[in-house]
Each structure stands twice: as structure tokens, then as C-alpha cells.
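Order of writing sets the chain letters: A, B, C and D. Residues in each chain are counted from 1.
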Amino acid sequence: MDTVNRLVFLLGKGLRDLGINKWEQGITLVALTLLLFLGLLFILAMFNVRQQVLSRQGQLSFEIYWDSSASLKKVRKQWDAISKKDYVVSLTQYTPQEALDSLSEGLGEVDLQWLKGNNPLPPTAVVTVELPKSSPRESVRGLIGDIESMPGVDRASLSSKRLRRASTWTRLSGRIFYPFLAGIIFLVSLIMANTFKLTLYTKQEEVEVLRLVGAGRWFIQMPIFVGAIVQALISGALALVLLKAAQNSLNQLLNVPPLWLELHFLPAQHITIFFGVLLGVALLSSWVAIREA
Amino acid sequence: MLKLRHVSYAFGSHWVLKNVSFEVEPGEFVFLFGPSGAGKTTLLRVLHGSLSLQRGGAHVAGFDLSRLTKRMVPKLRRAVSVVFQEFKVLPHKTVRENVALPMLVRGIPRAQMERRTNAICRVLRLENRMNLPCRGLSGGEQQRVAIARAVVTNPYLLLSDEPTGNLDDELSTRLLEIFKQFNQFGTTIFLATHNRRLLEQVPQAKVLHLEDGYCE
Amino acid sequence: MDTVNRLVFLLGKGLRDLGINKWEQGITLVALTLLLFLGLLFILAMFNVRQQVLSRQGQLSFEIYWDSSASLKKVRKQWDAISKKDYVVSLTQYTPQEALDSLSEGLGEVDLQWLKGNNPLPPTAVVTVELPKSSPRESVRGLIGDIESMPGVDRASLSSKRLRRASTWTRLSGRIFYPFLAGIIFLVSLIMANTFKLTLYTKQEEVEVLRLVGAGRWFIQMPIFVGAIVQALISGALALVLLKAAQNSLNQLLNVPPLWLELHFLPAQHITIFFGVLLGVALLSSWVAIREA
Amino acid sequence: MLKLRHVSYAFGSHWVLKNVSFEVEPGEFVFLFGPSGAGKTTLLRVLHGSLSLQRGGAHVAGFDLSRLTKRMVPKLRRAVSVVFQEFKVLPHKTVRENVALPMLVRGIPRAQMERRTNAICRVLRLENRMNLPCRGLSGGEQQRVAIARAVVTNPYLLLSDEPTGNLDDELSTRLLEIFKQFNQFGTTIFLATHNRRLLEQVPQAKVLHLEDGYCE
């Protein structure tokens, strides 16, 4: 047999060997699948929490009040200017008339239209800013200072307490997700490695005899690697299928009024990383196990 | 083929081999004779690379054991076959698979593998056990599988540890005949035993006496 | 040795045996701990989600508007009457003056006090009702009908859509939690049983020899049971410690503005059940493993 | 002590024991003599409750094998000791622990356990291996541990499968002497072997010939 033939043979042996200890292999497959499913569910949950947090937090809204006497024309210009400033993501403006309408609606459609001619409300705007990672407080303070110094602006209301809270969250958010993710991957890897290691105990005898009759490193390790990879891939795929099913049924339960929580599935990129890590762990743990065998 | 110079081996502080020196020429038939616990198995394990050399120098089938790296061990083991005292057959594999194992490891073509396996099993009277898993074999049958596995590759050197412990007189005699045949075709035979009667059956053989770790 | 002595001996043997295969036992302990931790974290998360859901959902609020012309005295009586009705949990009332104050505050402390003498706002109230499990829609509809038929009441605003959503959730909530909990416990049990089973493969040889020299059932099984129980208890305890640590650190991260998510630890009752299930699984899986050995 | 009537045993469709009948009186010394693969080990496994009776009737040390329930097996095994062909010692336990195992199972007081273990190990020349784990023993030493473990409980009946396969002549003779001693103190000895020379050393023994499953 030449090298290619032997390689093919060893790959085949790896696959055929899976059929030998059917019971142990079955156990391992079930255990891995469930474990990976559990881990993925965790990651899915965290991913969605982060999505929610990112879309809601890390941003800060504050209101600007103009003097009731300010000319609406000037104010419109200032709105334009503000919405072009750094960090500003969006600006929702209310003319006194719009403010009155929205107020009237908020009160349960109480008719306030009789106030129209004598509108007590000033022009207002709600500004949403994206907090920069570095020195968020100072930047926003600067922005507010700028705005307050504009002519006609009464005040921009942002308590320093609210600012402090938001910037704290922004800093934390980036620091939680990835460490937590790494933690979960680590935990799952450890359990997976243990499961593999225990399974390989059942192969120890064969490995010993193969060594004694002169088998080289590759002859011994290739089939075991192939077996581990196949198991990892199958259980990974099964776990993903389970995850998709879980996501669907959870969506049916959660994505209803009044929760409207939609669980997004993991993006393709995450799934690629998942399989990468899976293979890595499979190879590593089986390698460790054979080394000691 | 074999050349030992002042080889000593200890498990912990218990010296099992003490200053063992001898030489075996290619094609010789050698008995390593000694009582239980003399160190026969230990010596064979050193020669086979299962135990690494602690003191002294040893050459086996062209390999210098004092310079044997981990990567060289498989090569040494393909040149030197062993019959182990505890057989070391794989209980869940069939006789055929067990016997073919060393050829599989060497990458010998399938057809040739089949032919040789069948031939050696016929000689050792295992022909109607071929497809049974080894856990369903009697002690003597398992021993014969171990022997078949060792000689099937036509090794330069055959180390054999008490190969007749579980065989009756007829099979023992038959086995010695097989060893003699291989010997005539060029295989060096190195046979550890405590059975004095085996020695008598191969008068031309050289006998090394091992006792309490000393060899004369 | 008499029976008690032998029992003590076998218990001791179980403990001492743990020290023999240190490596395998260590692996098992780590694997079990991490697994249980993962499972508990899940249960903790679900428990807290349910707590949140229960405190927020299953209840429904709607507003009641009186005619602007209604006499405040009569209205106060009606408030009393409503708050004593079935299903009503709480009632927050607003006199026109209070409504104006709260509106003024909501608008960013724009001064609306000049409207005082000519207050356009009617008396209002926000009613919170607990949805009954059986026929929630009908009960609430009845309640609203009652209220709307009161003299002076303009309307009670509850869209039938909002009502449908809330009652759906109430029905689902009870059906999700326990099945999900059972699912998790089942998954964890399965992985745990597998881990035990694989570990016990390393004991097979000893069990066989013990059988051959005439050991009875108890002699063989007791030490293995004791070992399994000890491992289950230790890893369960470790997992709880990890969980407490995780809860604390998660609380430090989540229980800050603006999230204000407080994670509650599992109640003592749950922990008792946890240990019960743990012991059961340990016994069962080791029993299955020895039977086959 | 032993009474077999038309016992047959098959693995699948392969009949290993064919209509075996014999009787052994308490206190006898019996050799079960037969070539490799004759069915000796299979017969011993049936007598020991490892294989359940398929056909025929058998009484062993007062137990009726055809009515042996699972719960009775441990009791049978405490009355009947076996030396296995593959030793079956626990490799990670010391010699002392292995030999004491059957007494532990029976709940014999510690002091007596110590005394007997020491005595039997001295007789079998294992006294300076007592605290070594069994994986660090030579083949013959392991076989002697298996023998010590079997005789240490002073059984009514001792089944012994090829107990001298790994022992040199001196130890074999010594072992037979030990068996003869136990026999004199009342233990029935039932010894399976293919070694004709063992038979010669116990002229008073009864010899059962087993060949290809038939017993005369």
C-alpha cells in the first residue's frame, strides 16, 4: 500500500472502529449532543441578551427645551445643526403643536386642542447619542454644554446620575459578553474532553497491543482522531438542530404579546466558530488521551 | 543480531538484571533458561524497547538501544517480533484479525495478508477458529494466536516468552518444530523458558542460564 | 465481623476506593461539577425569568376616564367601589389637579400651573387586575362593562387585542416553566449517568474478580454506591458554591442602572429537590452500570 | 463432593462438553487431563457457576447446579476456590491485598487474615513481594498469588486450571506438595492440566481424561 492508500485505509478504520464499541460510542454521542445543546442554548441566550442590550443601551437620550418665546425658524436650524454633531445618532423634534398632539394622545386622547391658540408648550427635541467608549462622560458633557450655549435654548436635561449609569453599562457590556462566552466554551470543552478521555479508556488495550506489534504514531492516532472528529461533528450538528428546534418553540412562546421577545438564531459566523472550537477540542482531548495511553 | 554488554536493570532499588552480557549471531537458536522470577521477561522487554536501557550497552537487530529514540521504537518492533507470556491478543477481534495485525501495521497488500494468515493458522491448528473472537478461545489457543501473530511477518529476530506454558506435549513439540523451521530459513530465535524438557528437544541450541539476574 | 462492622467497613471501603483511581475520580468530579453548575445556572435563569413574568404579567392595567364635568365627590366614592371589586389588585387615582401635576412633571417640569384654574383634564384612574386562570377574557370584559355603566364614567380603555395578549401569556406561563425545568433536569441526569457509567468502566475488572472470589451483591455494590453518592454530593455542593458566586457577580453586572435586573438565588426548596434528584441519578446510574459489569 | 450426570455445554452450536459424567468423593485428588482445547476450562467454569448448566445434572459441594439461583452463586464460590488459567489477580493491588481478598469477602477478622496471608505467602515464596502491586510481578509470581488466594480460605473443594504453566520444575513440585498437604487436611483437589509429568508426581490421584469434550 502506498501512502495515499494507507491514509484512506486509516480514515476508513477510524469510521469502522466507531461501529465496534457501539454502546460506548452511543453514550458518548448522546452525552456530547446534550452537552453541546446546553452550551449552545446558553450562548444563544447570551447572544440575544447582548443584542437587546446593544440596541437599547450604550446610547443615551436627553431632552432639550427651548424658551417658549424662541422663533420656530431659528429653532429648526438649530435642530439641523445638532443632528450633525458628533455622537448624535438621532434627533426627534417637537414643535409646540406636535408636543401638544403627542401629549393629548398620551393622556388617552383627551382633547387638548382648545389650547392650540394659546399653546403653553415650548419647542422640544429628544437627542439620542451613542456613548463613545473612551471618556463617555466628558464627551457628552461637552456636547450638552455646546447645546446649552446655543441662543434660545432653555436647558438640556440630563442628570449626571443618569449619565454615570449609562456610561458604566457601556464599559461593562463589552467586558461581560466575551469573557462569559469564553467561560462557557471553556466549560463545555472541559466536559467534552473528559467524556472523550473516559471513552478512550475503552481503547487503551487496543492501543497498547498496536504499539507492541510496531504500529507507528499515525497508525494508532489517525483512526482515533477520525473517530473523535466524526463524533464531534455529528453531535455538533445534532445539537444545532436541537437548538433550532428550541429556538422555534421558544419563539412561539416568547414572541407573543405582551412580551414580544424575539430570539434570533446564532449568526453563521458564530456557528463556524462553534464547529472550529469543537474540532479543536475533539482533536486536543483525544490527543491528550492517547499520549497517556 | 543481539549484543549485550553489562546490561543492568532495576525496578526502583530492586535490581532484576545484573551485569548481563552475551552475544547472539544471526541465525542462532538460543534458549534463555531460568527459574520463575529470574528476570527473563524483564530482559525480553528491554530487548523489545518496552523498558528503556538503564545501564550498559545493547544492540538488537542493528538498533543501538542506548540511542533508541521514541520514533525508532516502532521500527525496532517491526524487525523484532515477540510472543508475550500473557499473550496480549485483542479479545474482541477475531483470530484472523489478531494474526493479521502486524501485517496491517506494515501495510502489506491484502491478498498476501490473507494468504499468510491462512497458512500460519493452518500450521498452528487454528484453521477452524479463524473467525471466532479471541475471548472465546482456550488458553492454549490464545497462546497459539500470539505465536502466529509473532511469526507471520517472518521477522529477523523472534523473542518468545514461555510460549508453551499453556500447550500440551504434542503442541509443544509441534511448536518447537515450527520454530526450528523458521530458524532454518534465517530467523534468529530467542526463547525464554523454565521448561528443561524444551532444551532437550533442540540439541543444537545455545543455552543462556539466567538466575537471579545473573547470566552465564 | 458482625453486620454493623461490615457495613462500616464497606462504607469506609467506598471512601477509600475514591483515592485509588485519583485521576479518573478527579475527572469525574470536575465534569460533574461543571455540568451541574451549567444546569443550575440554567434553572436559576429560568427561575428568575419566571419571577419577572409572574410579577409583571398575568396582570393587566387599564385606564378609566370620567367626564370632565363629573363631581369629584361622587367620583371618589366610585373609586372606592371599584377597588373592592373582584380581580382588582390596585387602583391609582388622579384628580384633575394630580393629573396636571404628573403631566407637568412628565413634560420635564414645564410649568403648567397657569392651567390650574381652568383645568382641562378629567378625573382618571389606572386599575390593575389579576387575570383569573379560567376565562380571563370574559371576567375582565364583565368588569369593564360594570365600570362603564357607572354614572359619570366616560369610558374604560382596554383594547380587546391587549386583553387577548395578556390572557394568552397567563395560560402559557404555567405550561412553560415546569416542562422546561423537567427537560433540563432530564438532560443533566442523562449526561451525569453517562459520566458515571464511563467512570465505572475502570472498575469493571475489580468487580469481576470480586464476583469470582465469592463477594455478594452488597459487598460489590455498597462501595460503588457510596463513591457515587460522595461524588454527587461534593460536586453538587461545589456547583452550588459556583452558582452563588456567579449570581453575585452577575448581580454586580446586571443590578445596576439602567437595567435594575436583580437575580434571586434559588429558594431552599429548589436546592433540596436538586440534591434529591442528584442522589437519585447517582444511585440509579451506578446501579445500572454495575448490573451490566 | 462432585457429581456430574450427562453434562453437555455448547457455545452457540459448537459443543465443547459432550455428555460428561463422573463422580468425585470428598477428599479425593483428581487430575482432569486433556490436550489444549479439550474443554477443561469450560468444565471448571460450569462447576464454578460462571457458566450456567445447559444440559444434564451436576452437584458441587452440596449445591445443585441445575437449581442454582443468582443469589446462591456467591455462596457456591465461597465453598469452592479456583485458580484461574489467566490468574485474574488485580494488577493495582498488592500481593497482600490480592491474597486477603477472599477473606475480606467472607468477613474474617483482621488479625486472622494477616496471619493466614503471611503463612501462605511464605509457603509459596512470595514473602518478599508482599507489598508490591501485582502488575510488577513475573508471570510465575502472579500465578502463585492466584494459588495463594485460592487456598488461603481452606476451601472444601479447590478447582485449579493449569496451575503450573508459568512455574519452573522446582516450583511445580513444591506446588504439588502443597496441594497434597491440603488434600491430606481434607480439601478435595480437582486439577486441570495437559502436563503428563504432573500426573506422575501424584501416583495416588485419580485421572479423568477429557478429549474433544468426551470424558472417560
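To be clear about the criterion, contacts are C-beta pairs under 8 Å (C-beta built on N, C-alpha and C of every residue); 3 or more make two chains touch, one makes a residue touch a chain.
Values in this document were obtained by computation on a predicted structure and should not be read as measured data.
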Farthest from subunit D by Cα centre, which chain is it? Let me know.
A
Just give me the whole-number Å value for how far the CA centre of subunit A lies from that of subunit C.
23
Measuring from the mean C-alpha position of subunit A to the mean C-alpha position of subunit D, what distance in angstrom results?
67
Centroid of subunit B to centroid of subunit D, CA atoms only: how many Å?
29
In graph terms, nodes being chains and edges touches, is this line, ring, star, complete or other?
ring
What are the touching chain pairs in this one?
A-B, A-C, B-D, C-D
Subunit D-facing residues of subunit C, complex
1, 5-6, 20, 205-206, 208-217, 219
Which residues of subunit D touch subunit B once you look at their complex with the stated criterion?
11, 34-37, 40-42, 85-86, 136, 138-141, 144, 161-162, 165-171, 194-196
Where on subunit A does subunit C make contact in their complex?
24, 27-28, 30-31, 34-35, 37-39, 41-42, 45, 53, 57, 63, 65, 99, 103, 106-108, 110-112, 114-115, 120-122, 124, 157, 161-162, 165-166, 168-169, 172, 176, 187, 190-191, 194-195, 197-199, 201-202, 253, 256-259
Would you pull the subunit B residues touching subunit A in the complex into a rising list?
48, 50, 71, 73-78, 81-82, 84, 88-92, 101-102, 105-109, 149
